[in-house]
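Following this line, the structures themselves.
Next come two complexes, and both contain chain A; in the first it sits with chain B, in the second with chain C.
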Partner chain A sequence: MKQHLDLYLTLLKTSIISQFQYRVAHLFWLLAMMVEPVVYLVVWGTIATSQGGSVAGYTAGTFAAYYITWTLVRQMNIALTPYAFENRIRKGRLSNELMRPIHPIHFDMSYFMSLKVVTIVLWLPIAGLLWWVFQPIFTFTAWWQIPAFILALLGGFVTRFLCLWALGLVTFWVTKVSAVFELYFTIELLLSGRLVPLAIMPAWVRDISQWLPFQWTFGFPIDVAVGTLTGPQVAWGLAMQAVWMLIAGGILALVWPHAVRRYSAVGA
Partner chain B sequence: MSQTIKVDTLIKTFQVPEREAGLKAAVGSLFKRKYREVEAVKKISFGIDAGEIVGFLGPNGAGKTTTLKMLAGLLFPTSGQIDVLGYEPQRREKELLRQITIVMGQRNQLMWDIPALDSFELQRAIYQIPEGEFRRMRDELIDLLSMGDLVKKPVRNLSLGERMKAEFISALLHRPKVLFLDEPTIGLDVTAQRLIREFVAAYNQRYQASVMLTSHYMADVQALCKRVIVIHHGQLLYDGGLAGLVEKFAAYKTIGVTLNDPDLDLSEYGEIISNSKGQVNLRVPKNATAQITTRLLNEVAISDLTIEDPAIDSIIEQVFQQEAQVV
Partner chain C sequence: MVYVRLFWIFLRVSVISEFQYRVNFFVQLFQSALALGTGLVAMSLVFSYTQNLAGWTQPELLAVMGVHIIVGGLIKTIIQPNMNRLIEDIQEGTLDFALTKPADAQAIISVREFRIWQLIDLVLGSVVLGYAISQLSTSLGWLSALAFAAAVLLGGLMIYSVWLMLSVGAFWIIRADNFLEIFDSLYQAGRWPVSIYPGWLKHTLTFVLPIAFAVTLPAETLARQLNGQNLLFAVGLTILLLVVSRLFWRFGLRHYTGASA
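Showing the complex of A and B:
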C-alpha cells in the first residue's frame, strides 16, 4: 500500500510539473470547451423563459446551475480516449510502459488525475464568471450533498476511465476501430445528460439509461450538486457507479492478459 | 559462469494481411481477407553468460529486433523456450522487469517536457529503489556520463547525444542485470558514440551485467563485443568470437605494398583496390596470401609490405549477401 501511494504521489507530482509547462494551452483548451455548455445553457434558458418559466421542472436558474456544474464534471471525467489507445498500439508506444514493473493503467490514471489539478485551478475563474452572468439556482437540502457530490464526481471519473480503457482494448484485435468509438461517444452524448438533462428526455430513454454506465458518469454528479435528487436516489447512483466500476474493472482484468499477447510492438 | 539468457529453438511467426494493388483487390479484401504467414525468427538457440556483452548482428529485417522484443517480454514467441534470469519474459513478472532494461536508439522513454532529473525520480518510484541507493546510483551515472547540470534542463531542450545519455541513466537507475540495447548510438556523432560505448563497457564491468547489443555501427561491436551472433532471414548464421567471424567469412585478405617504382603494374598478383603514388592495395584470395606474398617479395622491388584482414563492415556485408546456412 505504501509503495503504491509513493508511486501515485510521484506520478502525480511529475505529471503536474509536466502539465504546468503548458498552462496557456490548457487555458485556451478549457475556454474552447466552455462553448458547448454555454450554447446549451442559452438555448434551454430561452426555451424555459418562453414556456412560462420552466421545462420539465427546470427554470432558467436551475438550467444555469446544471450547465455550470456540467463544465466542472466535463473536466473531471476526461479520461484516456480509445483513440489514444489505438494510436499507442498502432505505433508501438505501449512498449515503454510494458517494460515497467507496473500496470500501464496506473500511468494513465495518475496522468489524468494530475490534469484535473491543473484544470480546476484554471476553471475556477471561468466558473465565477459564468455564475455572475447566468445566476444559477442550486437547491441545498442536506449537509451530505457536498460530500456526496465529491464522491459522485470521483466515482464518475473512475467509472468513465475504466469503461474507456476497457473499450480501448478492442484495438489489440482490430487495428482501426475509430467508427466503434464514434458510436460509443454518440450514445454517451445522448444518454449521459451531456446534451440535455435526462429529466427532459422521454421516459423510455431514462429507463434505458438507468442500466447503462453513461448517466452515472455525467448527469448523476450534476444532479447531486444541483439538488434534484433524494437521499435514496443518490445512494442508488453511487451504487450504480460501483457496479460499473466492477464490471469494467473485471473486463479489464480478464481481457488484458489476452490483449497483451496480441501486441506486436510495431515500430518500437 | 552461469547463463542469464537461454534461448532454445525460438520461433516467431507473424500473420500479415496481403492483397494485390488496385481498387478491385481493395474491395475484394473487404469480404475475404488473405493472410500470409511470415516466419521472422526460425528456430534460433543461444545462451549468454552473466557479464557477457554480445553483439547481435543482421541486416534490416533479419529478425534482430523481433528476437530482442521476445527476450524483453514485449512479444510472445510462437514456439520455443526463453529463459531470462530464470523467468519466462512473456509472462512479464514484476521480479524480472525489475532486473532488465531495454534502450532503443529511436525511442524516447523520458518525459519530454520536464527535466530528466524529475523523470529519474519517477523511475525511483516505479522500481521502488530505496532513497539512498537511488541517489548514489543517479549521481554515479550522471558522473560516468559527464551530464552535470544538463539533467536539470527539460528533455526537449537537450541535443540528441545528451538525450541519449539521459535515457541511459534513466534505464539503468534500477541497476538491471540484463541490458537489451537496440541501436543505442544511432544518429549520434562520433564523440557521443564513443562516450556511450565507454559507458556501456564501464557499467558492464562494474555490475557484471549481461548486454545484448544490436548496432549497424561496427565500431560499437568491435569496441564492446568479444562475441557476436549473426542472424539473417531469421536464421542463425554465426555464433562465436568476433575474430572467428573474420576467419570464417573473410574470403580475401588485403596486401599493401609500397613500390620503389610507382609505375609498376601489379594486376597479375591480385585485384588492385587502390593505387596512389606507389602505395598499392591488392585483394587476394585468403588461401593464396602466403604464396602471393612470397612472389611479391622475390619478384618486385618493394620498400614495405603489410597483410590485413578486410574491414569488419565488409565481412558482415559479405555474410549478409550469402544464402543463410544454419550453423
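Showing the complex of A and C:
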C-alpha cells in the first residue's frame, strides 16, 4: 500500500510538471471542448424560454447550471481511451510496461489524475466566463451537497476509467475494434446525460440507463451539484458507482492475466 | 488547364490507393450512420418539447442538418486531409517536395489527398436534405437549386481559405494542430442554424470561421427563401478570403526553412 502511495505521489509530481509545459496546447484543447456544451445549452435554453420558462423541470438557469457543471465533469471524466490499447499491442509498447513490477494500470491512473490538476487550473477562468454569460441557477439545500459532489466526481472518474480499461482489453482478442468502441461511445453519449439531462429523455430510456454505468459517471455528479437530488438518491448514486467499480474491477482482475498471455510483442 | 489535369491525376492516384483498403468503407459507413442517428435523436428530443426552435420548423432544421453533413463530408474528403498533410510537411521539413515541383505550390498542397470513403457523408447528407425538402411546403425552382449549389461552393472555398490561414500558422507555431481542434468543434455548432446563438458566438461563426455561410446560408436558400443580398455578400467575402489567404500563404512561405537548410 505504502509502496503504491509513494509511486502515485512521485508520478503525479513529475507528470504535473511536464504537463504544465504544454499549458497553451491544453488551453486550446479546453476551449475547443467548450463548444459542445454551449451548443446544447443554447438549444435547450431557447426551448425552455419558448415553452413558458421550463422544460421537464429545467429552466434556462438550471440548464445553464447543468451544462456549466458538465464542463467540469467532462474534464474529470477523461480516462485512457480503449483505442490506446491498439497502439500498445500493435507496436509492442506494452512490453516495457510489463517489465515493471507494478500493474500498468497505476501508471495510466496517475497520468490521468495529473492531467486533471492541470486542466482544472485552466478550467477555472473559462467556467467564470461561462457563469457570467449564462447566469446559472444552482439549488443549494444542504451542506453535504459539496462533499457529495466531490465524491461523486471522483467516483465517476474512477468508474469510467475502470470501465474503459476493461473495454480496452477486447483489443487483445479482436484486431478491428474501432466499431465496438464507436458503438460504446455513442450509447454513452445518449445515456450518460452528456447530450441532454436524462430527465429530458423518455421514461423507458431512463429505466434502461438506471442499470448501466453511464449515467452514474456523468449525469449523476452534475445532478448532485445542480441540486435536483434528494439525500437518499445521492446515496443510491454513490452506491451504484461503487457497484460498477467492483464489476469493472472484477472483470479487469479476471481477464488481465489471460490478456497478457495472449500478448506477444515483436521481438519478445 | 494544366491545373485541371493535375487535380485529376492526384484524384486518380488517391482513389487507387484508397481502394486497397475497402474495409474502411464499412468502418466509415458505420461511423457516419452512428453520427446521423445521434443527430436524429437530438432533433426528435427537441421536437418532442416544442413545435419550432427560434422560428425554425422541424423540416427546416432537418435541411440544416443535411447541409451540415454534406459540407462536413466535403471538408473531410478534401480540405482536412490536405491541410493536415501541409502541417505535417511543415513540421518535418518535407514541404520541399511540393515546393520544388514546377507548378504553383498552393495548388499542389491543396489537392494532394482525397479521402474518398468520406464521401459517404455526401450521400447520407443528401438523403436527409432530400427528405427535409419533401416535407417542406415550398416548391423548388431551378433558380434556388442553382443558388444552393453556388452557396455550398462559396462556403467550401471560404472554409478552405480560413483553414489554409490556420495551417500556415505552422510556419511559426509548431503545434498548429491545436487550432484545428477548435475548428472541428466549432463546426459541430453549425448543426443548428447560426441565428439561434448569442451574439458573440453568432459573429464568430459568421466572420471568424464562416460556418454561417457554409451551412446555414445554403440551407436557407433551399428551405426558406433565396436571399440575393446574402448570396452577393458571400461572393464578396469569398473573394476577399481567397486573396488574403493567398497573400498569407506566400508570406508564410518566406519563413519556411526546409529540411536541409
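Some observations on this one:
What we mean here is this: the second predicted complex is superposed on the first by the 266 of 268 C-alpha atoms of A that agree within 3 Å, B and C clash if a C-alpha of one lies under 4 Å from a C-alpha of the other, contacts with A are read in each partner's own complex, and residues count from 1 in each chain.
Here is the rule we go by: a residue touches a chain if its C-beta (ideal position, glycine included) is under 8 Å from a C-beta of that chain, and two chains touch if they have at least 3 such contacts.
Model, not experiment: these values are computed from the prediction.
Taking chain A as the reference chain, the count of touched residues is higher for C when chain B and chain C are set side by side. Using the contact criterion defined above for the overlaid structures, shared-chain residue A:7 touches chain B, although it does not reach chain C.
Once the two complexes are laid over each other on the shared chain, residue contacts for A:203 go to neither chain B nor chain C.
Looking at the shared chain after the overlay, A:17 reaches chain B, while chain C stays out of its contact range. By the touch criterion defined above, A:102 lies against chain B but remains apart from chain C after alignment on the C-alpha atoms of chain A.
Contacts of A:261 after superposition on the shared chain: chain B is touched, whereas chain C is not. Of the two partner chains placed by superposition, only chain C is touched by A:33; chain B is not. Considering their complex, residues 3, 6-7, 9-11, 13-14, 17-18, 21-22, 95-96, 98-102, 260-261, 263-265, 268 of chain A touch chain B.
Only residues 14, 69, 72-76, 90, 92, 94-95, 97-98, 100-102, 104, 107, 109, 111, 113-114, 118-119, 121-122, 124-128, 154 of chain B touch chain A when the two sit together in their complex.
Across the complex, chain A is touched by residues 23, 27, 30-31, 34, 37-38, 41-42, 45-46, 48-50, 52-54, 175, 178-179, 181-182, 184-186, 188-189, 191-192, 196-198, 200-201 of chain C. Interface residues of chain A facing chain C in the complex, by the touch rule stated above, are 24-25, 28-29, 31-33, 35-36, 38-39, 42-43, 46-47, 50-51, 55-56, 133, 176, 178-179, 182-183, 186, 189-190, 195-196, 200-202.
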